[in-house]
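Alright, structures below, take your time with them.
Below, subunit A partners subunit B and then partners subunit C, in two separate complexes.
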Partner chain A sequence: MTIETREARQPWILLSPSLVAITLLLVIPLLFIVVYSFWLRTATGADQAGFFLDNWNEALTDAFYRDILLYTLKIAAITTVACALLGYPAAYFIARSKGNKALLLLLLMLPFWISYIIRTMSWINILGVSGAINSILISLGIISEPIQMLYNQVTIVLGLVHFLLPFMILNIYVSLEGIDVTLEDAACSLGATRWQSFLEVTLPLSIAGLAAGGLLCFVLAAGTYITPVILGGPSDAMFANLVFEAIITQLDWPLGSALSLMLLAVLGALVLVYNHFLGMGQLMKGLGK
Partner chain B sequence: MSWLFLRLWTVLVYLFLFLPIGVVMLLSFNANQFGSFPITGLSFRWFFKLADNDAILRAFETSLLLGSLTAVISTTLGVLASLALVRYKVPGQNMISTLLIAPILVPEVVLAVALLLFLNALSINKSFFLLLMGHVIFTLPFVVLVVQARLVNIRRDVEEAAMSLGASPRQTFLQITLPLLAPAVFAGMLFAFTISFDDITGTLFWKPGGVETVPTQIFAMLRNSISPEINALGTVMIILTVGLPLLGIGIVRKMSTKSGE
Partner chain C sequence: MDNSKRYERLLERYNNGDLDRRSFLGLIGAAGLAYGVATPFAKQALAATEQVRFDGWGGVVSEAFRKYAFDPYTKKTGIKVVDGTFGSGDEYISRIKASQPGEYNIAHLSGVFDYARYNNLGLTSVLNEKNIPNLQFVIPKLTDVFRKVTDGTLSCVPYDYGTTGIAYNRKHISDEEAKKKGAKLLIDKELKGKLGAWGDWRTRIWYASLQTDQDPNNATDMDAVWNAIRTNRDLLLKYWSSGAELMSLLAEEEIYATEAWSGRVYALQEQGHDIGYLDPLNGFGWQECLFVIKDSPMEACEELLNFMLAPATSIAVAEGQNYPPALDPKKVDLGKKIPKLPAFDPTGTLDGLTFANPTYWNGHEQEWSKEFGRIQKGY
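Let's turn to the complex of A and B:
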């Protein structure tokens, strides 16, 4: 074997364990559920292999599934917009602050290390019947009976924003960090107001980060299972809850496969559109931080 | 846009992020018999109750074991792959990178369903092994991203210098590359462990009946109602998952300054 062929083979030897793992544990399983979604559930036990369109027919035409899919996308969209509006000014402040930038960034990373379920349930302590807000209002004499603020659409969005905001801020921050500060000054010296120079120079240049953060927020929000269970009411099921119900509770694996693929198709299409226009580079920059 | 407004806004955003967590910690030390407001005094009783709770202790054992194994496997795979991507020109590099981070792009529920159904078809039922495979596959992308970001900083000429001074490739790897790599390996392991320790959605799909990790245990306890024990458990977890990485960052900083970066 020549040195050249050895050099050429080395990276593949290094890559092979990961590629084998991804193939066996992700790619083939995904292809497998495509096949499985055409199988048929039988009353007797084992699912019947074959090519049946029943599950897809049910998943795609039943208004129940369509409504929950739309509801899920709506919640994800509201969450994403809320994260962008809340996060942008904060990201801008961090990017332009001088003294305490490192501390602000470190603090922004902390939520990632705090258990998602703890962060989600922490809102029960704030909004619950015996939570902080009710206790304060009662002790001030403003209300006499606690108000039920939990278990609705608003609290789901609140929980999701609380979970996803750091992703959004970090992504916007990364793109703002890459913009030359003197550009804004240049715009100002040419007669633009601060606000104009922000709108016409900084904002357009930070769109990539905003889009990366938006994609992450949307995809993670739309795929969430836990938040609606803990902070939502009985009628607030999102799409992942449907999938869990089909797979784990009803053991209807063929239908569960079709539903999973529906969610994957919708969110995957979004990722593809994003990749087409902006590429994966920005997203990885934000994630690698 | 005035600077003062931005400062105020940022303070409010940080309060929004941390206040609920602060309340969890505050309530876990509350002496009140229901553990909720009002705060009646300082007490450690909920922590003692926690230490007596066998289910929670078992969940901790499971989570620690699962997280450690995940960290070792995932980091081994991730470091090797990152070395290949950073050090060599590989044809189809973009495709490979995308494939490696694909588990983040696929919604976790979908990944959970696919893995569960496929391994089941291979007669691998819900088990600790399935749980481990699931955690490995979905921590791998994060490890690859973190390790790659660190690897780029390691200068190749140091290795070349060692080789030109007569070190064999093996010696170079063991005495030069590996020590320089250590912070990246450490960061990857920490990251994988934390993500595994925190995972709940995939875990709910993969775990066999009767086995609980800390998050699924909390989830099961929440079904009843929020109890002060959960707040105490939350406090313990926050101390573990925030305190340990902060310590870790300190160690990594030390290691990288020592290795002369």
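Let's turn to the complex of A and C:
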């Protein structure tokens, strides 16, 4: 075996455990879901194997699913924008801080040590009728009756931002860390103000991290299930809740499969759009590669 | 048919000239390969018969089962009980659907309609009742409804019962007002933003039937039912999805009224919360059972069911979860706490409770669960 052949094989050998895992745990189950989406649920709850387009027809033509999908994308978009607006200054502060960077990064990672569900439920103790904010406002005499703050769209976005903000900050931080700070000084020495040097130099160079964080936040927010269940109001359901209902409550695995593939296709299309405008290479840059 | 018999038959067909030599050797080779592949797993499967898997709601119920039934059972039989939990009956049936035969054995399921669903999916077994002598203590009415579904046989033993009635905060709603309004309390416009509801299609349709003065087991005007569900939805703060969430919403005074599970309300009352509980006329009665899934080791399961039905176990579980046991109070002394539990029937006839008719509910399941899902989301 020549050195060239061995070198050509080496990446595949190294990649093979991951490829096997991805094939077994992702590709094959996904193929099962594709097959399931063409089956039918019978009245007794059992599945009828075959090739039926009924589920796809329902998923693609029923306005109910379209509306919930649009609502889901809207919530995901608002969450992503909020994460970007809140995350950029935080990431900038960490990247430019001296001495206590490790501590700040540790603080950023701290929420990951607590279960996502517990973190989401913590808002009930903060925003609830007898929660911290209402209790303080009442004890200060600012209000006499508690304000109803929970169980609406705002609390869903709040819960999602709480969950996703660290992902955004980390992506932007990695991107900012890769920028040579002397470039900003050079811009200033050429007459730019600090704000102009940020807008003209730092922001464009960190856009890859912002975009990578944005993509990650959007995809995770669009696929969320638990946040609307815990923090949403009576009509605040997102698309993943429909998939859950179809598969678990209605035992309609074929329709649930079609719906989950529909969400996958929409989010996949988003990644393709990202790839078209920024390229996946930018995503790698954003992740510090 | 065992493997030896299969090989003998193959050999007989080969000797008779029905199989050529190549096919015979090919089939023997394939059988050998299958044996080689299957044997390690067959060993595991055999070992699995030395244990029984039980799935339930967890918490105090599991603790009581462990102490009063599982440990004594293991001590007597040497069979280990693997104790699992699930969040909802719907979630569990999905797990069963995705499992291998024999993987799950006994489950603490709710409602007769779940029993009928399992039957429709071909997941029922047939219990040998002679192996469960403690079944004699169970209220006959509770077993009869299961027998009707499975042609006189049983795939489960009844275990406890309760109601889904109306819970209300006495600081804001008096007992008189709750009694006067009954199920219509949950569509009272004055309580907008202070009502909760369980996001379960059956419960919603049941209560909407009561709110529109219809028989919950035979509603004839479904448009009125859907409209009542919409009215209720528009007044809600939230659809709750678990007992813990229900208790939190009531205890924190986020909501003043909701339909609620009798045992959970009793637990709140025990904690000192001033929560009233009302079973309106034709309120939702239900029972839970210990269901044995098809392909389970039957004798081992039957023996375990007998331990679980023993009065000491049943009473301990009932006191833990605040739901009366399925034991007939005319045959068994149920102690001091159980007679105080909501929904408890001292006569053992359960004539005061209305149970769901499984034929009616399961016959509409596909259509109604989907329709409710849409209405719940604002449609």
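Definition applied: the second predicted complex is superposed on the first by the 250 of 289 C-alpha atoms of A that agree within 3 Å, B and C clash if a C-alpha of one lies under 4 Å from a C-alpha of the other, contacts with A are read in each partner's own complex, and residues count from 1 in each chain.
Note that a contact is a pair of C-beta atoms (placed from the backbone, for glycine too) under 8 Å apart; a residue touches a chain by one contact, two chains touch by 3 or more.
The shown structure was predicted, so the numbers you read here are calculated from the model rather than taken from an experiment.
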item	value
Side-by-side fit of subunit B and subunit C on subunit A, or clash	clash
Subunit B versus subunit C as contact partner of A:T249, first or second or both or neither	second
Contacts of A:K101 with subunit B and subunit C, given as first, second, both or neither	neither
Which superposed partner A:K74 touches (first subunit B, second subunit C, both, neither)	neither
Contacts of A:P234 with subunit B and subunit C, given as first, second, both or neither	second
Partner chain(s) touched by A:G128 [first = subunit B, second = subunit C, both, neither]	both
First (subunit B), second (subunit C), both or neither touched by A:G45	second
Listed stretches 99-107, 117-125, 135-143 or 171-179 of subunit B, narrowed to the one that overlaps subunit C	117-125
Overlap of subunit C and subunit B interfaces on subunit A (superposed complexes)	124, 128, 130, 229, 247-248, 253
Of subunit A, residues touching subunit B in the complex	7, 10-12, 14-15, 17-19, 21-22, 25-30, 32-33, 36, 86-87, 89-90, 92-94, 96, 104, 107, 110-119, 121-126, 128, 130-132, 134-135, 139, 162, 165-166, 169, 194-195, 198, 219, 222-226, 229-230, 240, 243-244, 247-248, 253, 256-257, 260-261, 263-264, 267-268, 271, 280, 284, 287-289
Residue numbers on subunit B that touch subunit A, as the complex places them	1, 5-7, 9-10, 13-14, 16-21, 23-24, 27, 34, 36-38, 76-78, 80-81, 83-85, 87-88, 90, 94, 96-111, 113-119, 121, 133-134, 136-137, 140, 142, 144-146, 148-149, 194, 197-198, 200-201, 204-205, 214-215, 218-219, 222, 226, 230-231, 234, 237-238, 241-242, 245
Touch list for subunit A against partner subunit C, complex	41, 43-46, 64, 68, 124, 128-130, 148, 150-151, 229, 232-235, 237, 242, 245, 247-253
Touch list for subunit C against partner subunit A, complex	88, 90-91, 93-94, 97, 117, 120-122, 193, 197, 201, 233-234, 236-239, 241, 248, 252-254, 365-366, 369-370, 373-374, 376-379
